[in-house]
Structures are given as C-alpha cells and as structure tokens.
Amino acid sequence: MNIADLPAVDTLLRTALTEDLGAGDITTRLTVAADTRARAQIAAKDEAVVAGLPLVRKLCDILGGDVDVRERLADGTRARGGDVLATLAGPAHTLLAVERVTLNLLQHLSGIATMTARFVDLVAGTGCRIVDTRKTLPGLRLLEKYAVRMGGGSNHRFGLADGILIKENHIAAAGGLAKAVLAARAGAPHGMRVEVECETLADVTEALGAGAELLLLDNMTVAQLTEAVQLIAHRALVEASGGVNEGTVRAVAGTGVDLVSVGALTHSAPAADIHMLLSLG
Amino acid sequence: MNIADLPAVDTLLRTALTEDLGAGDITTRLTVAADTRARAQIAAKDEAVVAGLPLVRKLCDILGGDVDVRERLADGTRARGGDVLATLAGPAHTLLAVERVTLNLLQHLSGIATMTARFVDLVAGTGCRIVDTRKTLPGLRLLEKYAVRMGGGSNHRFGLADGILIKENHIAAAGGLAKAVLAARAGAPHGMRVEVECETLADVTEALGAGAELLLLDNMTVAQLTEAVQLIAHRALVEASGGVNEGTVRAVAGTGVDLVSVGALTHSAPAADIHMLLSLG
Amino acid sequence: MNIADLPAVDTLLRTALTEDLGAGDITTRLTVAADTRARAQIAAKDEAVVAGLPLVRKLCDILGGDVDVRERLADGTRARGGDVLATLAGPAHTLLAVERVTLNLLQHLSGIATMTARFVDLVAGTGCRIVDTRKTLPGLRLLEKYAVRMGGGSNHRFGLADGILIKENHIAAAGGLAKAVLAARAGAPHGMRVEVECETLADVTEALGAGAELLLLDNMTVAQLTEAVQLIAHRALVEASGGVNEGTVRAVAGTGVDLVSVGALTHSAPAADIHMLLSLG
Amino acid sequence: MNIADLPAVDTLLRTALTEDLGAGDITTRLTVAADTRARAQIAAKDEAVVAGLPLVRKLCDILGGDVDVRERLADGTRARGGDVLATLAGPAHTLLAVERVTLNLLQHLSGIATMTARFVDLVAGTGCRIVDTRKTLPGLRLLEKYAVRMGGGSNHRFGLADGILIKENHIAAAGGLAKAVLAARAGAPHGMRVEVECETLADVTEALGAGAELLLLDNMTVAQLTEAVQLIAHRALVEASGGVNEGTVRAVAGTGVDLVSVGALTHSAPAADIHMLLSLG
Amino acid sequence: MNIADLPAVDTLLRTALTEDLGAGDITTRLTVAADTRARAQIAAKDEAVVAGLPLVRKLCDILGGDVDVRERLADGTRARGGDVLATLAGPAHTLLAVERVTLNLLQHLSGIATMTARFVDLVAGTGCRIVDTRKTLPGLRLLEKYAVRMGGGSNHRFGLADGILIKENHIAAAGGLAKAVLAARAGAPHGMRVEVECETLADVTEALGAGAELLLLDNMTVAQLTEAVQLIAHRALVEASGGVNEGTVRAVAGTGVDLVSVGALTHSAPAADIHMLLSLG
Amino acid sequence: MNIADLPAVDTLLRTALTEDLGAGDITTRLTVAADTRARAQIAAKDEAVVAGLPLVRKLCDILGGDVDVRERLADGTRARGGDVLATLAGPAHTLLAVERVTLNLLQHLSGIATMTARFVDLVAGTGCRIVDTRKTLPGLRLLEKYAVRMGGGSNHRFGLADGILIKENHIAAAGGLAKAVLAARAGAPHGMRVEVECETLADVTEALGAGAELLLLDNMTVAQLTEAVQLIAHRALVEASGGVNEGTVRAVAGTGVDLVSVGALTHSAPAADIHMLLSLG
C-alpha cells in the first residue's frame, strides 16, 4: 500500500483523467489504430528529487489496466538529468491518454520535492527542520505534502482540524495571548500541542507563561529570532515563519529555531523538468 | 452568472473547503466566541493581475451564506500594491474558515494572470497571441485557463476531446505526417481545425500540402521560425512552442508567428502576493 | 482502452447499476441459490447497428468481476436479426443483476446508431455528412454521441465550451451578425472555427464578409439551400439544420450542403430490439 | 417540495449542466455583454402533456439564482400548440446557459407523458391501468417514471429492490413456478405482493395455487388473455405485458386485465415539441 | 455477487476508509517498514451472529488488492466466543490501515444481527416475524437491514418510496382513515400493499372496510392486540409496533400478530465483541 | 457557521435524505394535498443531552428551503422529558419528508451525548477527562465526535492521519517500544505528541525513557493503574483504556490518570428518546 492506494488519491486521479480526456482523445482516435502497442520512458531532463511515481501505475489501471508499469527509481530519490524514472508498455491509446496527466503530476510534485530538498540542504547540520504550510493548491494538499516529505521536509498540520495554531485574530478574540493559549490548552485534544504566533519578545514571555509548547515567530529578523531563542531556552519548540527564501534560510536556521516553515514549497515551486518518451510497436 | 457559478467550480470549491476544514477549525472553536463578528480586506501587496474574485462570495455562501462580500475590482484588472480587491463582513468563524482557501485560490490564479500579462506585454504590437497548454494542475484546469484569459492570454484546447493536435507519435502511427493530417481532416468535427506539429521545413511543406490549417512549430530557433513563417505565407495559422521564456518571447513573436504557447503560465507561475487583513467587531 | 474505460463512463455505469439494484435484487435472492451458474446470449431480434458492447464487460466487472464476457461483434457492425452480439458466463446472481441495465444501454445506443445509419445511407454518394446536436439526454451525451459515430455519423460540438455557434440572440446582443462573427473570431481559440446561423441570403453574405468559416442554414427550404450553396461557393462549410427527417434528408443533402444536423438521432431514436437469453447451469 | 427538490434530482441536474456547460459557454462570452438581460418563453409547439416544469427553476438556481421563473401550467396538463408553459427573466448569460438542458429535459419527459396519455386515453373506460417498466434510460429512471405518472400512467417497481417479479429463470432455478412463488412469499417484505410471470394457463393455475397475488401474462394473445382472466376470476391482479402498442392496447385492456405494462413509454417515446423563445432586454 | 458487490456499498466503504485514513496512517509510516508482511485473525470474543464478512475482502481490495482474505464462517452464522471469522495475510501497512474500519463495520452489523436473533428466538414457534424499521443510521440503512436479515429478521420498507404506510398525519390530511386508505389503494403501485396505522379497534374496523391489507397496531397493550387480532380474523396482515423489548416481545407475538417491528434493532444495538489479532511476518 | 455548515456534513445529509426519500414519499403523495401546511415540535420524551439541532434547518433547506425552523435549545443542553428542542412550520410534504432522517440523527447523536455526559458526571471532581475513540460508525465519525463534545467529553484523534498512537504491532515491527517511540518522535509533525500503548510497568519505564509524552495504559486493573501513575509522576499524560464502563469509570479516574477513553460512547450508545409531533394546518 502506497500513497496512490489512498481512496482520496484515487478520486483525485479520476478527476484529473476526466478533466483531460473528457469524451476521449480525438486525435489519437483518428490517427492511431486501436490495436497499436507502445512503450514509454519517463525520464528526468534535469536534476530533480522525484515524487509521485506510484501514481503512474494507478493512472494506467484506472484506464483499463493493460499497461505494464515499472518504476525504476523510488520516490525521494535525487535523479540526475537523463535518469529513467519508469517505463511503460501497453496499448498506444492508453499511453497517449495517460501521458499529460502523468507528467503534470510528476512535474508538479517533483518540483515541490526538489525545492524542498534545496531548503533542506541549505540548513544541513543546523538541526533545523523545513516544514510546509497550508498554502497549497485546492484539491492537491495531500499529494503536495507528500512531496514535501519526499524532499526531506516535514509536514505542518494538514488542515484546521488537525492542529492548533493561535494567530493574531484568535488572540484578539480571546482577550489576550495568554487567555487564548489557556483556552486552547483546556480544550485541545490531548495528542495536540498548542502553537501560538508571537510577534514580540513580550509575546514570547506571555506564551511561555501560559504553557504554550510551540511558538511561531512570525516575520522576525535574524537578530530578533536569536534573542527569542535564547529567551525561550528550550522551554518550547520554535518555528520561524514569514518570507524565508533560499537566500535567508541558512541564517534563520542558524539562530537555533527548531523549524522553518516555507509557503513557497507548495505555492510557488516551478515544475520539475520530466518528460515521457513514447515509441510505437 | 460568472465563473464561480459553473457547477464544476462549485464542486471544486467544496473539495477545497473540505480539505482545509475537515472536522472543523479547532483553534477558532477554542478561542473565538461563536457570535463574534469580523471584517476583512483582501488586498494586493504587490502589482498583480487579479483573477478569481468571484470565487470569494461562492466560498462564503457554501459555508452558510451570512457573509457580505463586496468585490472592489474586477477580474482582469492590474492591481497595484495596496489595492483593495474585496471586503468581507460576517461571522468571525466563517471568515477564519474561508481565509486560507480563498487566498490559496486568489494567489494561484492571480499568479497565473500576472505571468500571462507579462508575456502579453512583451509581445505587444506584434499581433501575436499568448496561449496556454494542457500543462495544468490536476483538477484546476478550468480555473487556470480562466486566469490565463484574465491575464490577456488565449486558451488552447481544454483537453484531448476538444481539439486536434497531431504529434510525433500520431504521425508515426499513421504512416507519415500527410497521412495523419488527411485522416484527421476526414474525421474531425467540422468546427475543429486540424493542427499538426512540425519539426522541419519539410514537415511544414508536407503539412500544408495535406491541408493542415494550424502548424505547431516545436522547439525551432528564431531563424528557423522566420524561414517557416515565410514558407507558410499565411496559408495556415502558426503556433510556436517549446521552452519560450520572458527573455525570448519577444524575438519569437517577432518572427511573425500567430501564437506562442507557454506551458510555464500554468505549471510554474509563482503565487501572487495577496493577503487578507481580518479584524474583529 | 475503449469507450467503457473513460472514467466518466465508469461513473455513469455505477449510477445506472445503483439505480436499478438499489439494496439488491430481492426476487433473485429469494428464488435462486447463491452459487447457481448461468450463461447468457445477447442477440439482435431485428436489424440494428450495434453500439455499446464494450459496456457489457465493464458492467459485470463493477459487480465483482467473475463474469466471462465475450464480444462477438464490434460496435458499428450492422447486425441482422438473430445475430449474437455477446455471450456471458458467470454467477446467475450477477447475470440477473446486470441484465436490465445492459439491455437498456445497448437498446438505446444501438437505436441511435441504427437511426443514424439510416440517415447516412440516405445521403450516400452526396458527400454530405450526418451530424448530431446537443439535443441529448442528460448524463448520456458522451455515449449518445459515440453511438452516432458508430452509426457512421459525425459529432457536432459536445457542449457550449468546445465549439462556437452564433445564434439569433448572440447576433442581437452583439449588434448584428457581422459584429458577432468578428467578436467571436477575435476571441476564439485558434483551433475552433466560427459557425454562425443564417436565416436569409443576406445573412449568408454578411457572414462570409465577416470571415465566418461555418454557416448553419436554419430551416431553409431545398430551394433556398440550393441558392445559398451557390452563393457560398465553397468559401465556408455549410450545415443544414431544422426539421430534417428521413423523407427529406436526401433532397437536403443533394443541395450541396456539407453537413446535415439531425436532433432526432439522439432525442427520438426508438430502442433497438436487442434481448438477452439467459440459461442456468 | 416537488420532484425538483429531491436530492437525487439535484445531483442529476448538476451533472446535466456540467455536461453541457463544461468550462463555460464560449460563444456567449465572446458575443454577449455580461450585464445583458433577457426574457424567455417556454412554449409547446404541438399538443403535449407537460412534465418537468419544476426542474426549470432548479436549473436556474443551480447557476446562481438570479432568474425569475414563473410556471404557467402545472405538470400533467395537456397543453395545446402555442401554450406558454413558463416564462423566465434574468441575465442573458444564465438563460442561454440553461436553455439546452432545460429543453432536453422538458422534451424528453413531456414526450413520455404524452405517449403515456395516449395509451391511457386508448384504454379509457376499461378500468385497466397503464404501467411503466424498468426499460428506462440510465440515470433518468426517477424522472421518467414521474413523467409516466404525469401522463396518467402508474408506476411499476423502481428497481430490483422494491418489488418482486418472478421470471422464467427464477422459476427454473427454484425448481418450478410454485416453488418459486412459495419461496418468495416466505421471504418477501410484508408490504410487497409477489408477482410471477405466466406463459400458459397451466402456469396461471400453478401460480394461483401457490398464492401469487399478481400474475404477469407475458406475450399472450388477446384470446389467451381472455381465457386467463376468466380462469383467474379476480383471485389475483393481472398484468399483460409484451409488445403492446397503440394499435393493440385497447383490445388487450378489453380482456379484463388490470394492468398493461408498456416498455416503449420510457425507451422509445419521441421528444415532445417544446421550444424556448428568448429575447434580450 | 454478494452484499459487498453492490455499487452503493463500494461507495460507502470508500467513504469509511477515507474518513479513517485521511492523508495516511502516520504511526505506521514512522514505525513499520513498508515491506513488512502481516497476518491477522478476525475472531468473536463472545457469542454473536455474524454479519458483514464479505466487506472485509472489499475493504482490502480498495486499498490495493494484495491481501489474501479467507472467510471462515458465513454471514448469518451464530459464532461462539473464540470462533475465527476470517483470516488475512498481506502487507502490514494495508492490514493496519484496514483494521479499524473493518472492525467498526463487523461489530456494528453483527451487533444488529445478534440482537435480531435474540428477538427471533424469543418468538420462536409463534409464527410471528421480527421486522426492522426506518430508524437506522444515516448512510448505513442498506447494510443495517442486511444485518437484520442475517439475524433471522425480515425487512420492512427501505424508504419512503418503496412502501406505503399511512400514519396519523396522512389520515388527518386525507379527511379520515378510510379516505386515506382508499386514496392510497387507488394510486399505489400494484406490487405494494397498503398499510395503515390503527390506534383503536374502531380504526381497525374502518381500515378493513376500506380494504387495507396491512394494519399497523401502534402502542397497543397485549389485551388490545388480542382483541384486535380476533376482530381482524386474517382479513389483513397485522403488525405490532411501539416500545416492544426483549421482555415483552414474546407476549406480543403470542397475541397472534403476524409481525412485530422493533426500532431498537438498528438504532440501539450495542456493538458485538469482535476483534482482530494481527501478527507480523 | 456551525457544525451543519461544514461541506462534509452537507454531503452526509444529502446521502441520508436520498437514502430515505429515494424516488419520493409515496404515501404522502397519495394522501396529503400538495399545498397542505404543517407545524411540528421536536421534543425530548426523557432526559437527554441534546446534540445535532443545527442539522434540522440544514435538512429542511436541502429539501427546498421553505420551512421555518426555530431552535429552542442549544446543543449541549441537558433537556428534561417534555422539553421542546425545536419547532418547524412549513409545507406538510417537506416536514413529513424530513421527519425520519431528522429523528434518526438527533436520537443517535443525543444518545452519544447523553451517555458521554453520564461518564463525565461519574468522574466529576477527579480532573480526569472522558475521551472518545475511533470506534465510530462509518461515515458518521465527524458528527459522533461532535456529539461527544456536546456531552462534555473530549476528542481523541479523528483518524490515522492526525495523531500518533503506537500499538503492539508497531512496537514489534520497530524492534521494541523505545525504538518505536524514537522513530515516531523523529518524524512526527511538531504539533503532535507521541502516544504509546503500555501493557506493563516495564513498558512505562521504557516509554518515558524514550521521551513519549502520552501513555496509553491498556486493560490495566485499578491497582496497576495506580502504580503506573505513581511511576509516571506527571512526566507524561496518562490515558486509561479498555473495557471501562459506568460501573468502573469512577475508580479508574480515581487512580489519577488524565484521560479515560471509552469506545462504547460511539459504538454502543442507545438512541435518545426524542420525537417529533406534527400537526396539520
């Protein structure tokens, strides 16, 4: 059982195929005999961390199951340009039908994994973890967060129901940061830590006093982060957030924060350069 | 009736909300009283071509309908940093529930519209159109292609069923480029033009001879494109494709091609910088 | 991969089976032992052009997969009365569960194919094509248009998104036929031809002047059609439409129009006479 | 609450609209200004028994709700040519978007109601009821059977789960007609009568002996039916079935059977001639 | 084909798995190597009538199909404590993923079957049948009513569409019990008997006079039931209903009623004690 | 925005209504005039903690929206026998259509809330929390866990993706309890605590040594729990689990454990006695 076997992913793949195939591939119907066989190689054109390969077989299975799919690399592998990721053999009509959706998924997910891996590499040795956010594309969160893991990153909460993160408006509504944290701790499921966003050192002190176990330091400078980390002194886990990029992440991680969250991993990663070479017969 | 009223979009928005909300927003439940009211401003932090604003009201309506949404700009507008795109007023629980999904959609679609507009600007005056591809994210094609239009671009086919594009493998299967074009013309719905991919000038000649009305010149240099355009001499529409970027698009358009298709518009546009400022009371 | 392998068709077949089976076949449960085996022959009782046979295996597979289905004829074949279309062997419970839905689909789709074939035969030798319309039954368009192809007909657009057809109201809204055509040509995806409905010869002249590539001549007499075809002189494709029936189609086609569209193919074709003979053991 | 308010119908209507609208109405987008208003009249061109009118408002509501729909006749009414069935006023884009699906449904359902009413008229005074069958189009059974009622007919079971009908194969599997009837009676939900198909008078005798409450006399001649009815002598309800048409139904009803089932009502009724006249402003 | 092969059940099982698995089993991912194999035994800890076993294989198949499932007992069997119901062998990740949903279903359905069997045992020899009601849990009716059958009970109608049951409000609206019964008889599908709720002996007399075939005696005492049964004298089937429990059912059945309906079977049956023993390797 | 506004709940309610209504309420159609008005009171017949009231309005809205629903009590209230929970006024057809599904939901959810409240009352003053489990009914988890909160209980994880709970098999696969805990801590999302099942005091010591923050003491006696709590000495939160019932929960809570989880809350709570009194006019 792998990521492609989750029922929610099956639904997503059917949606994707229907979106692209609609009433069927008219070009192929008019130009390729129905019994034509084909083979295909999925390969990286450039360096990329691969994510999404188990989806290939599932896509083919949804379209009738007659394609022999062989994965040559495992998700999470750092492929070099030219590396073959998978091979396919089966009816030409099926391979042509599945081609674009397969590539769209592999390129997007590998793009996320690849960007994640760059951030992970940049903080190597600091003990700091790279985590994602909820800034994902509608319908794709489950797969995008999987891709973050394949790139060596860690997942933040999957949605509003599986984690507690107290932000500015919650604080205002609750009548202060400490009150918000106490209210959350009183009602939180016992398996969840309470996280609270802090904008100042005073916030940090208040949060620790109220028993927050996770502090999100939002949009702080490296100097501020350094000071905050010293103040916190391991009494809570510390997550830095806000506008971190490949140029700044090393310095941010160097302040001693435990986690850096990066929205760009899922909302702005360019597609990885992966292609499919298809040949008949 | 607008883009948000399409039944397919309604389904997508429900999926997105369910993905983020799951069993409900636990943080807000624990810290914000149920009858708290709130107001929000959605604003651009940086220049952006806006796309997706009609989705905001729809998202609020799906969650119970008590939010007053006012669009301040129309989709397709070039907003400047600081411009307010829309305002919302209603229950704080609903506004907090809808915030992330709303921004994820607006940022992604406006990102696409913004990148498209840059390409469109770059070819201004050439008469050349910028068009999208099928390199979209699963489940989002309809909205992404809408965003391309909002950025001033044009849509290529929406899927394999609503356009004919003969590629290398179709040609091989049909026994040659001319045979493929003739087969497609014989069976094509009468509202569709037959498009064929050409890699050489010989291909171009063969395609025109067979009556192709659209030629896709794939991965040609500017010099090759220039030569091809002269050869074609308006006997067919000409689309240039393959690795075109912001640095090269002007030169490509200058060759006289009618269309340039750019996959990056939908697979690699970074999110636009749009945020929501929420205040209670 | 065939028509039954499209994900959209899978959804339709599940809906159909659920509609008929609901909580299960109570009669069979009470009267037939669960391990009873059965065989079935699907046969034509009368002449019919067959459409929908690949759906049979899919229906059986959805209900558990233990039925051996053999197609004896291919879709598009002109069967004579008595011809066996397919044979099935498997659990009696499954065969009885699948019988009615299978026949409902085969009879309806073959009814469409058969009526289409009659129209196609009637225009044989004229070079005119028979095309369908959007006058289909909700949820069945994809399959119904497939059946039209199996009968030798051609497909018009599948919906409002994959073809341009300017009608009376569009013309009124745009401020005239030529303005409507020009607006459509300016914004149309490059793979689509612009079609416009013409009611008079003046309309025809205006349409050609504006660059329309497809003219829909609506409800014209044979004499008017003849005159229009001469006026058009191959500068555009010509589609005749409106109340054409088996008695008039030959004359209409004889006017030199390229296409005749017939709504009745999909909205009024009687079911083909196909039955299933089931025997136990 | 009416037929259009059933959740299952809502799903069907969304499917139908998505099927036709897909990514949106491209012709209207290019030729009609977004703020254009329109009015429409739905009218019968010929005599018809109307069915499906409550669906019109529902279709408009699904597309955003800004259309004022007024039903002028109630479902089940016998309209004459020219009768206005409903009027609509609202955004031109919405009216054009909803037009085809609305007509497809009204024409199909009214076609069924109209054919049903002809059969009902033909048996007037005999006390015999016209009933439908399971020979419906996939996904449309609920609406088609509603249309039968609007035409004055009665419904047979809706599927395999809500009625017991013992046929030839059940009899063979159970080891004889009487055994099948007894098995069904022993296990049948108490609200269901057991119906059994009889092909001979011997079958009838056996069925009555086993306590069958409903006899389906399949493909019998008028003479055979007459004899059977006398034999049965009101000990069970009698349904005649098999190839009954408008020419024969009166004679069949005249034999004294209680019900005549007619598959053609739902599988072969031609569309009723209903159109929508749309005007701008 | 069995209960698990109904398309409606497939949908339900996918919903259940998605509900539990969401984005995947994080504990197992972090602690169990992906290629670990496992075996499992599903066993009863206490006496139970088993229902739902065919669902086990289906659940495994939905998650990728590599599990070997062997049913050791058939649904409807009275298992003793310790009895093995089924064994599974396959990837540990799949077995752990499927465990909780499998048990939730088996325990619930077997709980219903077990409670039903107790009621059935209590009325043994009286000729009275135990039937269920529509007091089921949303989404689970089909399976719950299946479980009632496995426990030896009979099914009442599955919903408002497949049976006629005239209650107090229908009587008031129709202007009296007899009028309601006559209206229902006139319009009822011929396969359905008309059932009417009676609260007094006068109601019974009125119902019989109007031709009701099924009488629901609601909340009557044993004495009242006895009197009513004598009055009815086999002219209609008699169902007793309302607050019947294990302490009273025997006496109620002893009055000569044909059926006793028990809501508690589906709304209040405690889970059966069934567990799954899983071992690695 | 309340529990009924979650898109996932909307889907569930539509499924429930479709399940009960199917093709429509035949009894009401035949006996109640379409324009009849009605009023209804939903009331408790016995003491109950109410849960699910916001669903009532949603159910009515799905069926057309013309019902005026007034909630008289809020979810979580302890109602006494006779207390009115809500009143409804609207079309009789809608009220009759919605009655059964409404009651099925209210009775089930209030049954859970009521049982939960009893457990909560029993541990009053101990500081111990009552929590639910994943032993819920397929499709209903979200609502059932909401009902647990309404009864004063707390939620354990919603599924396998939003919490970490290491059990026997994970320990075996990881090569020991400490190894499993360490692996989970290394990979766990930072907002989640790692919980591990302990069967002995040795397990407890090993778990604490490995840094587990939550210990699940499974099936321990009160004496064992007491000893374990002393050993743990507030270094981790302690959850007692396994066969706890109303007779034993006070003693278990008295051992000083922080949480007691009770599967019966969601798998075996009998329906609360809530009814709907409906009157016409």
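First chain written, first letter: the chains are A, B, C, D, E and F, and each begins at residue 1.
Keep this in mind: contacts are C-beta pairs under 8 Å (C-beta built on N, C-alpha and C of every residue); 3 or more make two chains touch, one makes a residue touch a chain.
Bear in mind the structure is a predicted one, so any value in this text is a computation, not a measurement.
The chains in contact with subunit A as well as with subunit F are B, E.
If you average the Cα atoms of subunit D and of subunit E, the two centres end up 32 Å apart. Distance from the subunit C centre to the subunit E centre is 43 Å, each centre being the mean of its Cα atoms. Taking the mean of the C-alpha atoms as each chain's centre, subunit B and subunit E sit 51 Å apart. Averaging Cα coordinates per chain places subunit A and subunit B 22 Å apart.
Residues of subunit C found to touch two or more other chains are 21-24, 97, 142, 158, 161-165, 187, 189, 192. Under the touch rule stated earlier, the contacting chain pairs are A-B, A-C, A-E, A-F, B-C, B-D, B-F, C-D, C-E, D-E, D-F, E-F.
Per the touch definition, subunit E reaches subunit A in the complex via residues 14, 17-18, 21-24, 34, 62-64, 66, 91, 93-94, 97.
Residues 12-13, 15-16, 19-33, 36, 38, 92, 96-97, 100-101, 103-105, 107-108, 111, 134-142, 158-167, 169-174, 180, 183-184, 186-189, 192, 263-264, 267-268, 270-271, 278-280 of subunit A are the ones that touch subunit B when the two sit in their complex.
Residues of subunit F touching subunit B in their complex: 1-3, 5-8, 10-11, 142, 145-146, 158. Residue ranges on subunit B touching subunit C, taken from their complex, read 129, 131, 154-158, 161-165, 187, 189-193, 195, 214, 237, 239, 258-259.
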